[in-house]
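Just so it is clear, A, B, C and D label the chains in written order, and each chain counts residues from 1 on its own.
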Amino acid sequence: MIVIAGVQTPEEHIQAIVAVIEKEGLQAHVSHGSDRTIIGLIGSVEPKLAEHLRQMKGVENVVKISKSYKLASRDFHPENTVISIKGVNIGGGELVIMGGPCAVESAAQIDEIAALVKAAGAQVLRGGAFKPRTGPYSFQGTGVEGLIMMAEAGKKHDLLTITEVMTPEYVDICAEYADILQVGTRNMQNFDLLRKLGTCGKPVLLKRGFSSTYDEFLNAAEYILAGGNPNVMLCERGIRTFETYTRNTLDLSAIPVLQQLSHLPVISDPSHGTGRRELVVPMTKASVAAGADGLIIEMHTDPDNSMTGDGVQSLFPDQFSDLLKDLELLAPAVGKTFHTPSTIS
Amino acid sequence: MIVIAGVQTPEEHIQAIVAVIEKEGLQAHVSHGSDRTIIGLIGSVEPKLAEHLRQMKGVENVVKISKSYKLASRDFHPENTVISIKGVNIGGGELVIMGGPCAVESAAQIDEIAALVKAAGAQVLRGGAFKPRTGPYSFQGTGVEGLIMMAEAGKKHDLLTITEVMTPEYVDICAEYADILQVGTRNMQNFDLLRKLGTCGKPVLLKRGFSSTYDEFLNAAEYILAGGNPNVMLCERGIRTFETYTRNTLDLSAIPVLQQLSHLPVISDPSHGTGRRELVVPMTKASVAAGADGLIIEMHTDPDNSMTGDGVQSLFPDQFSDLLKDLELLAPAVGKTFHTPSTIS
Amino acid sequence: MIVIAGVQTPEEHIQAIVAVIEKEGLQAHVSHGSDRTIIGLIGSVEPKLAEHLRQMKGVENVVKISKSYKLASRDFHPENTVISIKGVNIGGGELVIMGGPCAVESAAQIDEIAALVKAAGAQVLRGGAFKPRTGPYSFQGTGVEGLIMMAEAGKKHDLLTITEVMTPEYVDICAEYADILQVGTRNMQNFDLLRKLGTCGKPVLLKRGFSSTYDEFLNAAEYILAGGNPNVMLCERGIRTFETYTRNTLDLSAIPVLQQLSHLPVISDPSHGTGRRELVVPMTKASVAAGADGLIIEMHTDPDNSMTGDGVQSLFPDQFSDLLKDLELLAPAVGKTFHTPSTIS
Amino acid sequence: MIVIAGVQTPEEHIQAIVAVIEKEGLQAHVSHGSDRTIIGLIGSVEPKLAEHLRQMKGVENVVKISKSYKLASRDFHPENTVISIKGVNIGGGELVIMGGPCAVESAAQIDEIAALVKAAGAQVLRGGAFKPRTGPYSFQGTGVEGLIMMAEAGKKHDLLTITEVMTPEYVDICAEYADILQVGTRNMQNFDLLRKLGTCGKPVLLKRGFSSTYDEFLNAAEYILAGGNPNVMLCERGIRTFETYTRNTLDLSAIPVLQQLSHLPVISDPSHGTGRRELVVPMTKASVAAGADGLIIEMHTDPDNSMTGDGVQSLFPDQFSDLLKDLELLAPAVGKTFHTPSTIS
């Protein structure tokens, strides 16, 4: 950490700053310049001390150097984390595709879609049982019943399953039925939920808050890792900007940045990232070219009648299937492997 | 709702759109223009239908007209909501001041601050017992013990109390000890929490999500109102923008906008809204001039040693007291009443 | 400037960094920490060197300490700049009001409005002759003719005049006819225009770019100051955020921040800052309470028929007049002076 | 355009609205609903009328339907525009690469880089002679001398050239020496410059303003097209968001969106879009996968000593060359053609 003194700060203020630093058992390195003095702190610095210093007389700014997350950082864990679930490896060079409807609507719906997801070559079935909705009068999901329907469809079609959990109370039951638990964008900083997921025993896909920085995102992952759960995937799903033509602005730079700062796998969600079906195909390809370890894509057999209104961003089954065939060509051109099966396995 | 057809959409597509609308029991008003056709829908429209239409052939755009919140809207509740708690009226023309530390740190700390808050002329004591923190290694609050300490300080010094609740599980105990429950900015769309607060029996101060639109904010309030709790205050606390000099950008236009769209009282939080002590005084005054019904302001006797690092945005006691004296002058100049007592009552 | 080395950077890289710094004639202060080394640079640092260092092996980050603007900074000019124009002092404690239409439409229109502006108590007549318009098919202003009409109206009604200049070519003629030249938000970084204004001999009101940081804003002012023109006013006019209900988000924190970083007067523009007439009155009052040195407000006798479509944010004459009466009450409550005359002087 | 009346607007207000519309020679289609009335306007609507209506009694909102740009719109020009310059076709399915330094620094520098750009397989040499700089004390470019140096390097190495023009005064001389004129992000709404480019006789690469919407971007292109110049390329170069880790947020969705809304070629600038060399390679690939018609990439033989400080985002020559080889693999996988030559042609 570095303390920057204002122009012509008197020596007594500098000395007071040094005294506070040394009182905490840290070393202060003072550098006198032509019009400013800077003081470097060496050692592990409490956030509290930073704030104390920021408010002392003569201090113009305090600059943090170290990252506040450790377990999520590549600095201390140089190799990629590869999450292995029933033979599917996420983060290890093979492209992983998660597909399915926004919401689990019925046993027949999820079974039909699961068959198509499998046939297209994806490895994971997505579907929401508990749905976060902006207004209280919208469809709120099929709940535990939906969970069970999806688990059955996954088992029948030999697919992993992923579903969103919204509140600590439901973590256990979601962990019982799904292979991967998803934290939605609005819950990225629901800290009680993150803490509970740290001990849930299942891999977690953590979506970036729609206005969260990379640093905040990795700190949220740190909550789960610090609880003892090493299996966290980071998911870029679009951020909120001034542009309203797209539902969100899919920030694809997040993919290489997060892979550089962290060892955790990075997944892209072009469905929520754009909110428009016609953009899902090009942005899926762009995500793969940017280096994504996997994709989570909405697909629906009857998007015009989806119960959540998210149909507008869902691919039709043939679009989904065609897209995965295109990825088979694209993946090797950017150093990834991906194979779609010709029939349901 | 209005459906806008693309340039030169064939008549058969228009007819198909009309058929879908009429199937739902709604009327479709078709207007043929020189290069486009528009179709108006009259009646209560399900979000699902909007999405269905958006995806039909020939549809270029679907524009929503009605607001999705009802109970929070001034359209259906023209008079101001005035929330009365033990003789303090919020939303009725008298300026209400909530002051106190970011976090309750000890019984002695909260007692000392409560005395100063009361002496300065504020009506409500603020203080966090459960703290939402960006990283898992920061101080996480004093929990239920903190709640009890604050309740005692409030009772002793004749102040209402307000504290943040972060998860549904703790709503009941917070409601037992505090007069007002606060929802933090990161939880504005924690829908399970909002639902629980709808039945908690205590007034709620709902903070605007740091990247939430007015519409989303009012929909979040709608969750609480729809649960049966009419006593909701809306709190502007700064939004996230490209400018990083301030911690957030305090959006003061939110005050008159929310008062126009809704009947609920609007509170301003210049402490989080700026993140810098030296800006709290001018932005408090600006909030009052913009028409705020109340203010929530951080004050600390020893901000340099606050346990959360938010000390940098906390006023010193004498600054807080001087500010309230200034508001006594300012309030009548903008049509509000406010009186600070000369001694602790 | 500070160079931060990555975790476990080898000593030879540190030495290479030091060598580069010393080659430039600067001192390098090296502080070895537990897992990182930081190197402080003392002296005036070229931006080029910063970038060179940023790219050297072992460098994780380079942090700038000094501000890049000097003439605009309060560090080197502690007293407020007061701009005196024909007896009107801007920045000296008296509130200055600039009012008038978005565009000068005709001699009769600007004459009628000037009379009302004067009667209401304002000191400056605003009006655009050259109009920046988003699309090429919109009304583009009355040009030089408009300039002359406004100059005559100003002289007749004893008002200063302010008008926007969009391109270097027109600076001279605008400076001939107007008392203050305005740079619009889209031109804040039109550097050729700024350079030309540095030698124009007239005070300049520089509007903040709608997505410009305080630092960029002050650097833009620096261009004008560096050209030899000390009379620059900074104008906050709203920034672009995710919220679209208002045309822009008026960032009132900019007022105290800019007054702290700089000695230049700060003006607020609530008309463009909100884009909605009903918000202009509360946001004008909030601007004054935040400490603005002046206001620039759109007023039109027939806003429904304004030629630019900006009528929606223009006050009616009686609203403008009532607002100024209210400011007469408000100004002293926040330490400013302001007097409206009872008749045209 | 559609006018939406407020809840329970009296019939006389509706009639007044209709009268205003019909006075302009337009048809008004009135649809009475359960709690609201909407009025559709058919015909070409002046912006002024929209604003007039917005302010009438009883009007809650006015929604524009038609786009304000025509020449730039695919609605009225369904086929792609292909810009042919000396045998290079931009927008016709072949990937076009523009490479070179941020600034032309000397004849030797630009000659050396041009040779490398050509050898790597690019078709266009980029380089700035006039540089827009945030502060007045930074290097401002080599001006006309730089223009001439670059023209010579382009001719010698058989490359097209592109350079930025900042002010109308310099359009003619830039058009004399360069094959393509570039408008920088800060000048996207420098309307006098755009108008001048409409008659300059050379193709224009228009960069998106860093906070401009797609609609504003296409309106800016419309200025050039309306002036008689049909050869405009749209360039996505990153937008400003809350995330500061990257210099900008490269909005790759802009590529398919602009290609859908417009017929003009779309170029991506991953150098400014990320501001970090290590992100340029993945984001170039992502741009191609998203469907970009071309790329503009900074490359420098000695980026650590570049004169603008933009070296941090410039590729080294071997990185540039390797990247172009990778694109040869990637392009066909996404339906584009691209061939790098093995030697300088």
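One rule holds in what follows: a contact is a pair of C-beta atoms (placed from the backbone, for glycine too) under 8 Å apart; a residue touches a chain by one contact, two chains touch by 3 or more.
All values derive from a computational prediction rather than experimental measurement.
A repeat of the B-C interface exists among B-D, C-D or A-D; more than half of the contact pairs are identical by residue number at A-D. Ranking A-B and A-C by contacting C-beta pairs places A-B first.
Separating the centre of chain A from that of chain D, both taken as means of CA atoms, is a distance of 31 Å. Rounded to a whole number, the gap between the C-alpha centres of chain A and chain C is 39 angstrom. Taking each chain's centre as the mean of its C-alpha atoms, chain A lies 27 Å from chain B. Residue positions 211, 240-242, 244 of chain B each touch two or more of the other chains.
By the touch criterion given at the top, residues 2, 4, 7, 29, 31-34, 36, 38, 40, 42-44, 61, 63, 65-66, 75, 211, 240-242, 244 of chain D touch chain B in their complex.
Taken in their complex, chain B has these residues touching chain C: 211, 213-215, 239, 241-246, 249-253, 255-257, 260, 273-274, 278-279, 282-283, 285-291, 326, 329-330, 333-334. Partner chain B is touched in their complex by these residues of chain A: 47-48, 50-52, 54-56, 68-69, 132-139, 166-169, 186-187, 189-193, 195, 210-211, 216, 219, 222-223, 226-227, 240, 277, 303-312.
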